[in-house]
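Structures are listed in the sections that come next.
You will see two complexes here that share chain A, one where it goes with chain B and one where it goes with chain C.
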Partner chain A sequence: MRYSPTVRTTLGFIALALLCLWFADLSITTVDPWRELTRLFLGLVQPDFAAVDFVGVAILRTLAFAFTGVALGAGAGLLLALAFRYRLTRTLCAFVRAIHELFWALIFLQFFGLHPLTGVLAIAIPYAGIFAKVYAEILDETDPHPARTLPHGTGWVSGLAFTRISQAWPHLVSYTSYRLECGLRSSAVLGFVGLPTLGYYLESSFAQGRYGSVGALLILFYLLIATIRLWVRPRLLPFYLIAAPFLLGGGMPIMWDNVARFFTEDIIPAPLRRGEGASGLGPWLSDLILHQALPGLWNTLVLTQIALVLTGALAMLLFPLISRHFTGRLGGTAGHLLLVILRSTPEYLLAFILLQLWGPSMLPAVVALALHNGGIIGHLLGQRSNQITLRADAPSGLNRYAYEIVPRLYGPFLALLFYRWEIIMRETAILGILGIATLGFFVNSAIQEIRFDRAMVLILITALLNIAVDILARRLRAHLRLRHSVQAQGC
Partner chain B sequence: MLRRLAFAPALALALLAAPLAQAATFVFTAIPDEDETRLQERFQKVADYLSEELDVEVRFIPVNSYAAAVTAFRNDQVQLAWFGGLSGVQARERVPGSQAIAQGVEDAAFTTYFIAHRSTGLEPADTLPEEIRGMTFTFGSMGSTSGRLMPEYYLRERFGVAPDELFSRVGYSGNHSRTASLVASGAYQLGALNYTAWENEVEAGNIDPEAVRVIWQTPTYPDYQWSIRGDVDARYGEGFTDRVRQALLDMDDPELLASFPREGFIPASNEDYAPIRETGIALGLIDE
Partner chain C sequence: MSQLALHDATASYGDRAVLGPLDLTLAPGERVALVGKSGAGKSTLLSLMHTHWRQQGVALMPQELGLVPTLTVFHNVFIGRLHTHPGWYNLITLARPFRRDVEAVMPLLARLGIADKCWSPAGELSGGQRQRVAAGRALFQAGAALLADEPVSALDGPQAEVVMTALTEAYPTAVLAMHDLDLALRFCDRVIGISDGAIAIDQPSLRLSAGDLLALY
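Our next item is the complex of A and B:
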């Protein structure tokens, strides 16, 4: 029996994940997690808002960093999109977006310190790379005819504005505002490395076991994300954009000597800095690659593969919860709530909770990534399924799921999953900070040891890996002829 | 709209440049060790105290990692810092002329507790028992003296191998309280942490003393200290370093001292930390 290419790809991915399972360390080692988990649970259901009275400022900073960063990223992205036909631009954009916001922040922290510029650039730079790619795709899809009817001598800018951008405008706006939601998440997460956003307080409350504060902060964060459609209005946007830079807060002054030192000294490999020349570089590099890069690479790949397949399985299970073909009004609301919680809870937090429950292995990371990403894809699939109109005599229940809905959604499902592939891989970086030995773990170790030369080599390897996966995913999408709008791929 | 979008970034850049003007404020930080959440509030009181004693504007900047504290010191974004033993050495190596000026009363003879979950059946002893081979173990933060450097040193000394060869799993919990909670839940069988942090956790009732117990404590070593940059005298006036040291030694308000938490401060010097530096070099955490 011959399977279709889609089925073969799916089976191949599952087989590869099963093979990875064999190599992965997924054992459960805890003996009595219940005391700590009880405290955690009690904290989450009895959020202590009085303990987070300082949080107003943190929310303000989270918003300010997100708006300023996304606006800068969108501006730069639009300019880059216009030059996207050049290979150099495309490579540059692929490179900057292959590095996680947290790593950008960690780099800027070394020379700007806790200055607002650190947070703004950590969002703006990778976002510019993403915006450039998506804007370029949107502009490419516009109808070229209006441009040909322009009178001779029309300026390039006017031509662009009145033919291509005017056509693409609604798509550009919808993608940008959607990206703003991602920016909010990124901005909150930047707190994990010390910027004064919500994540800072979330991480420190969590680290100190103040679960009442954790509960309160999480609820505020969910509210912020869930109500985004209510307070982000096109008419209010200019006001927000103008206000945001004023609300970034002060910081320590920037000293340009530090910037110069970082580039001319800190990131120069130690043997070169010590004047050992190229002969010392070989052992230094091979030690770094053998003991850190390769084990990190292996763990990153194994973790990503298992998490990807589990994400897919979970998304397939979750989407009926918000699909009108399977749930009523009440069930749908509950399903929505569950998916909002799943996709808004930072993977880092999920992984830490699961670490308490199961002990140190890859298992907490795999499940945390799958829950978070499964929540996102489940949400997008559910929305898509609601656009499907079924015949009046369509079967119900399991038959409807298996023979009506899933076959119609499977293409978009795979496309979404492939989009998330690279994102899941980038997210393993955050889990590295928790101690799971991915590339992110070694990058973080190098930074904690104040060895930026090693950190830079490892970040470079991470970026190349992400680019490779991105290319592979694109080939697969092309091969399977999966067409899916890039505008709804999730943060 | 487009033009407005383009305008915002330009405005942002202009505004970002504004706070660059530098005032002669004296800035300090402290490594995040005990309770990070109210750092700003608690250390503001220390800042107010120093400001009064030194007659300059004093500001506190919170950081959430050891490396961030070292970087801020090195970048001259803070001039004074409350460091751990290792982070202090790392910071002073990078800032010529900087010196350790004061340490806590407790820091001259600090110690690390090795703790074990009840299920291991381990009892307190004079040396680390052979049975810990093959168990799971967690350090605290990677850059911590009491949570990483000294426990690793004594593990290597006792067993002659690196921790990841000795144990079936080695983790870095991130901080002392997390080490305590991870061992209490049995996520790791063993852990090593700062003794004051352990006592705080037990006192606060966060730890069930039935579930976890201290099985060994390391010999004593010097730990936390105040370090100051070498160029402060030139910037804040002759004798500024001595005035800062005196202000720290004179600090006797229990409310201020509780932030560290220390009984009081005593003088310290760079030489006091030579053993820490040597240990750091031996473990490859500091380049010679």
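Our next item is the complex of A and C:
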């Protein structure tokens, strides 16, 4: 029997992941992981809302950074989308979105310090790159005929507003509100590098062993994301947008000397700064690449491939939970709840928690990546399976899964998985900040050693890696003729 | 208004010539019916005219209508006069129309029988209603001349009569591609028959009957 190209691709990926498993460090190093897990669980069932001001500030700041950052990103993204036919714009956007929000935050922290601008720009800049790409795709799909009927002499702005943007409006709005949800997660995670959002309060609660507060913070965060359709209303939006910049908190004043020094001294490669000229640059760069970039790259790749396959397996297991072909009303609701929790927990947050429970190794990262991304793909697959109509005498149970549903869903499944490949890679690199030896680890250590020149080169390498994976995934999708859909993009 | 003319005009899809070369002059106050079987090149000729004469302020009513389905009927009609207002005025109109524009558009819609649809998105209307919205846009534009491709193809007899009357009153100078030969002869004073991408007939409509034109089909 000859296998189809999709099956062969799948087997190839599984084989690669098994090979990677050989190289990966997946040990549990904490003395008593179950005790930690139990304490966390108790915190979740007995949340401590007593410290309301503390929890309230965390949520308020998380919202303020998300709204301000996403609004700026959307505005800039729309302008860039209008110029997206120029190669320069496309390259610029691909580059800024290849660098993770947390890396942007780490960069801005070095010269703006803990100023609100750091958090706002860390969200706005990569989001602008993503918005530009997706907005441009949405605008391209509009009907060109109305523009032809415009009277001669119609201004550029008027013509655009009345034809292309008007047509695309519902899609632009739905994508932007979806991104706002992503922005909330990004904003929460920025707390882990010191901004006053959820992650910051979560980290300090963990450090002090206050599991009740951890529980309260997590529950509020889930509630916030689950009810987003209820409180984000077109009529309320202007009010939120006006209020958000004033609720970012004070932070430290910007030291403009630091900004100047960062660009004129700190990020200049050390040999050039010391006046050794180009001859010193070679050994400096090869040392950096050999001892930091390559090990970081290797670990990032190994971890990504394992997480990717585990994500896929989990998604295939999870989607029946919300598929009407497999579950009843009650089971479906429970399934939805589980998938909502999985996909609204940012990988970074999940990895942070698992790391507290299991100690440092690749295991927390792999599990966190698989749970979050598997939840997202499982949700999308479940929705898709609900559009399938089966014949009346179709088999049930496992036979229905294997013979009726999975064969119909496998193409979309692979397409979704390849879309998330780049995202998983981006996140894997970033999880290094938590202490797993991927690229982020080396970036973070270089920053802590105040070697910004090295950090910048490593961030650049990470960005190039993300762009390369993006191109590879696009080629694979084209090769397997998997259909494209904008909704599959995500955070 | 200066004379509208085409000289040695041609159109081709890839290497295949589909129209011309042909010469054509449209005097002010002249209303031309374009007739011919489908695929003869009527739409191609109209879009060629639009390309050449657009800068002289002609209004276009294409066969696919070119409506923006997400915008209301009012806004689709208002598009006809975008060029007469500054950008900020148009952007405000998008969010909240000015009363004087609504008062200008309303009688037009009433005449076309779609006043009750003024604030419905164009995408929710029936084919006949949408065709009247496109006619409304052309009427509101009040350009130098009208180029319309099958302007009443989706309308029944009395409605077609209303729309044709409105369009021809507003536009003494027009080129209308028509498949209804009786309407074409009644509302136009010159008939151009297109066959195989060339002009086969060019006569005043007074001298023609529907029977004469059947030779084209």
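In this text, the second predicted complex is superposed on the first by the 459 of 491 C-alpha atoms of A that agree within 3 Å, B and C clash if a C-alpha of one lies under 4 Å from a C-alpha of the other, contacts with A are read in each partner's own complex, and residues count from 1 in each chain.
Here, a contact is a pair of C-beta atoms (placed from the backbone, for glycine too) under 8 Å apart; a residue touches a chain by one contact, two chains touch by 3 or more.
Quick caveat: nothing in here was measured; it's all calculated off a predicted structure.
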First (chain B), second (chain C), both or neither touched by A:279: neither
Partner chain in contact with A:389 - chain B first, chain C second, else both or neither: neither
Touched partner set for A:360, first chain B, second chain C, both or neither: first
Partner contacting more residues of chain A (chain B vs chain C): B
Which superposed partner A:149 touches (first chain B, second chain C, both, neither): second
Touched partner set for A:159, first chain B, second chain C, both or neither: second
Partner chain in contact with A:113 - chain B first, chain C second, else both or neither: first
Residues of chain A that lie at the interface with chain B and also at the interface with chain C: 161
Footprint of chain A on chain C - complex, ascending: 50, 54-62, 64-71, 75, 78-83, 85-87, 90-91, 94, 134, 137, 141, 143
Sites on chain B touched by chain A in the complex: 1-2, 4-6, 8-9, 11-12, 15-16, 19-22, 27, 32, 35-37, 40-41, 61, 63-68, 70-72, 75-78, 90, 94, 117, 119, 136, 138, 141-143, 169, 171-175, 177-178, 181-182, 184-188, 206, 208, 211, 285, 287
List of chain A residues in touch with chain C within their complex: 143, 145-159, 161-163, 166-167, 169-170
Contact set on chain A toward chain B in their complex: 29-33, 35-37, 39, 51, 54, 68, 71-72, 74-76, 78, 109-111, 113-117, 120, 161, 165, 193-194, 200-201, 203-205, 207-210, 213, 238, 241-242, 244-246, 248, 250-255, 258, 270, 355-356, 358-361, 434-435, 444-445, 447-451
